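Take a look at the following structure, please.
All chains are identified by letter, namely A, B, C and D, in their written order; residue positions are counted from 1 within each chain.
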């Protein structure tokens, strides 16, 4: 149950998988993302509501074939330049995209967690998202005749999240802004959780989400594994790292240097 | 003699703050909307109920959050709910009075683009995308757009409709099943635009101090209609400016 | 915001309303139900997943025209005899029923809380509930072609719940088994909450549900208002009262005596 | 010399407990199922993961709960989730291995009635209704039915199908989109019935100590098939009985 991050990624994530590394500006599983880059995984379909700098890094490193998302940016800073470069110029590889609204992605995870083939919501009506994404449709209420939007469930092969604590049985506890992590984990075929620490017993915390160990495949102890995002009660967001990423990511050469120096892997594309 | 001066961000922020009424529920994004809402709460609207899409309901941060999921939002909220609840139980259910939107492009009917400049399949510029905006524009009681005025941003027709404003005109929102009033004002660094009640087309209805009508029409990429009675924006008060500056950490320029 | 129970019921509940008094064996709003009987409300459509003895009492007292539910029993004891008598013999008045499964009712509340016209679920397939309830239908997934069940949203005119605490602004805090109360409150037009106590500030409790004051129309302080059910952290279930109800409710005369002596109202029907 | 004796409830409880394997997840109702699950957890299945429909996941009560929403279930659970989550995220998603069902009537294909005896619109007896049963029968990996044997309860066709067992026979569950295996055994005070793998019809496969086949066929309202090899239920052990009795508070009769 408790594995090294290296072993957990090797065991649970495979080339071609659909992978969700979820987190809503809080508890982003950055260290796990870096390990995926390090292991040279390829052809991943990356799923996330809010792809941020770790997704920019995965895309720039050439791990992704496709991105399924609702808002891709550097939160509080600006755009994701590796993402842009992949979409606009196909560097280092073409990136297929499927985009939704937050409301749509949220409900795709809820449907995935619920064992339903699709979800309904009031959304998308009149937007150009509809015509550009075959995974947005409508159904008609059999009672009122009202038409509502429909989106298919998302069921990642693997969901990766970061949490504050786990116990030796793999029960996982996270708190603060809990985002969509519960649904992303329940929707997945396999679940990898990096945690700040393992504790013998998990003292209840107000507002916590507890994921029972039986839905968790591996726990890896990675203190600081969410940095430069934050872990409520453990450490703060390193805002300067987000700002610095803007400069690094604008330039392919600077990115390649970052990749080699910080992650220890060769660049995926020339400049 | 003291001359009060302000930046374009500050006049936008203050104008947006004034649009919020006490006790309203407000869906807040990061940047100017967050500053505006927090200014309102510290001035005329102490009961403003701020919701960030990360699930923090009724939050009262003591400083501006760095992101919509900043820890200070959770620490000071009435309650933190999972993301599905904030979108389904609060936004979709019509419980939010006013939502803020930004835009890369806006058109004469206040339709909004935050997705791509150029063609969707081979864009000139790729933007972050929809996020919460389509459903904020659809389901909040009303939406307020904040953005800088320029011919590049204020275009006759947006390259991509990320969020529907007033469609192709009056009646389109009802036809599309959108339940909120949509964008009721667009606050820029030059003035305020509001949809004509009969046609849904944006009309210049407010001018910030020192701005001429012609500046606004020239910064707009379509033949902008001007209201008969354009209301001058009252200058920011010293209180308003000092609250803005204490929040943003900016000194007076 | 804080009103006497008498005034709160008078203000918020009207003849002919659809009323949900929710609670899942925990925090049943019994005192509020008795006040509804006392005020002689009539023609109510009562909604609840698990109508128990307080619904038996409301039905026996003649308050209800219709019951919408998924399991009607005396939890841990047996059947509801006033409910039976109303369905089988129309005493003291005929009772229309609309019945669902728990999964269906749950999702009706979720849809109601979400502002959706209906909900989808995997359920009901092959059961005789389908043919006997026009509020059970199907929709087809526009992506996979799979058929799933559909039920309309439920949006009570009034939802009544009991909670441990509220603050003076009407923020309501409940914990322990939280059931369907959040969704039942959010689905309603008006919300009445009886509480054990009002506290100046609500100290967070693990596992709590907090209902923001802006969705609560009235709070009434009714210590013990959930008895004979229980309030986690305040008092235990009075199991003998559930057992005693079996005897009282089997007999119309015994019930009428109970109604006069315990609630102080005349019986609704002869025996 | 000691003669071990037991009540019909006790033999049913012990037989049901033995059907539960260690580490299984189990959807538990009040009454015999709750006793059976708690006996299993205290004997051969210490890792049994009990879920009650009130939302208590992984609960380990130190005494039998009085209702499915008893406080002891919340106090001792891994986590308590709202009711929508237990039905949608856990039951519907197929995460529960085994669910218990009771019944007022059951038919030869293990379809179950807990709604009415007689006609639905003017019933002779009104029962509590469906509760969680239809979806427990549909979505758990398998379902175990516990009920007393009598011709009134074991009928050729139930008056009302509250929960689908094997429909009108093999293939019906697949046709109806029911994803679990459905009732895999019916445990009574006389013995055990299991669906024939080829037809879905219930067959007598187990007999409790001291019971004759004829007693069972006479207590069944259709021509009950009897397996070639009917397995005798091993007598309850002293350990099993003492655990049952310590939980129920009953002394040996």
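Note that contacts are C-beta pairs under 8 Å (C-beta built on N, C-alpha and C of every residue); 3 or more make two chains touch, one makes a residue touch a chain.
What you see is a predicted model; the values in this text were computed from it and never measured.
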Exercise for the section: Going chain by chain, each one touching the next, work out the least steps from chain B to chain D. Expected result: 2
Problem - Listed chain pair B-C, C-D or A-D that repeats interface A-B [over half of contact pairs the same by residue number] - result: C-D
Problem - Pair sharing more residue contacts (C-beta pairs) when B-C is set against C-D - result: C-D
Handout entry: Centre-to-centre distance between chain D and chain A (centres being mean Cα positions), rounded to whole Å
Key = 41
Completion exercise
Averaging C-alpha coordinates per chain, one finds the centres of chain C and chain D separated by a number of Å equal to 28
Exercise for the section: Quick one: which residues in chain B touch 2 or more of the other chains? Expected result: 79, 88, 92, 139
Exercise for the section: Any chance you could list the residues of chain C touching two or more other chains? Expected result: 115-116, 121-122, 146, 183, 207
Completion exercise
In contact, pair by pair, are chains A-B, A-C, A-D, B-C, C-D
Handout entry: Interfacial residue positions of chain C with respect to chain A in the complex
Key = 115-122, 135, 137-144, 146, 148, 150, 152, 204-208
Handout entry: Contact set on chain C toward chain B in their complex
Key = 113-116, 171, 183, 186, 210, 212, 214-215
Completion exercise
Given the complex, residues on chain B that touch chain C span 25, 49, 57-58, 78-79, 88-89, 92-95, 139
Practice task
Enumerate the contact residues on chain D facing chain C in the complex.
Solution key: 30-31, 53-56, 66-71, 73-74, 79-80, 82-84, 87-88, 91-92, 115, 120, 122-135, 138-139, 160-164, 167, 172, 176-179
Problem - Parts of chain A lying in touch with chain B, wherever the complex brings them together - result: 24-26, 49-50, 69-73, 75-76, 79-80, 83-84, 87-88, 99-103, 106-107, 109-110, 121-129, 132, 146-147, 176-180, 182-183, 207, 209, 230, 232, 236-237, 239
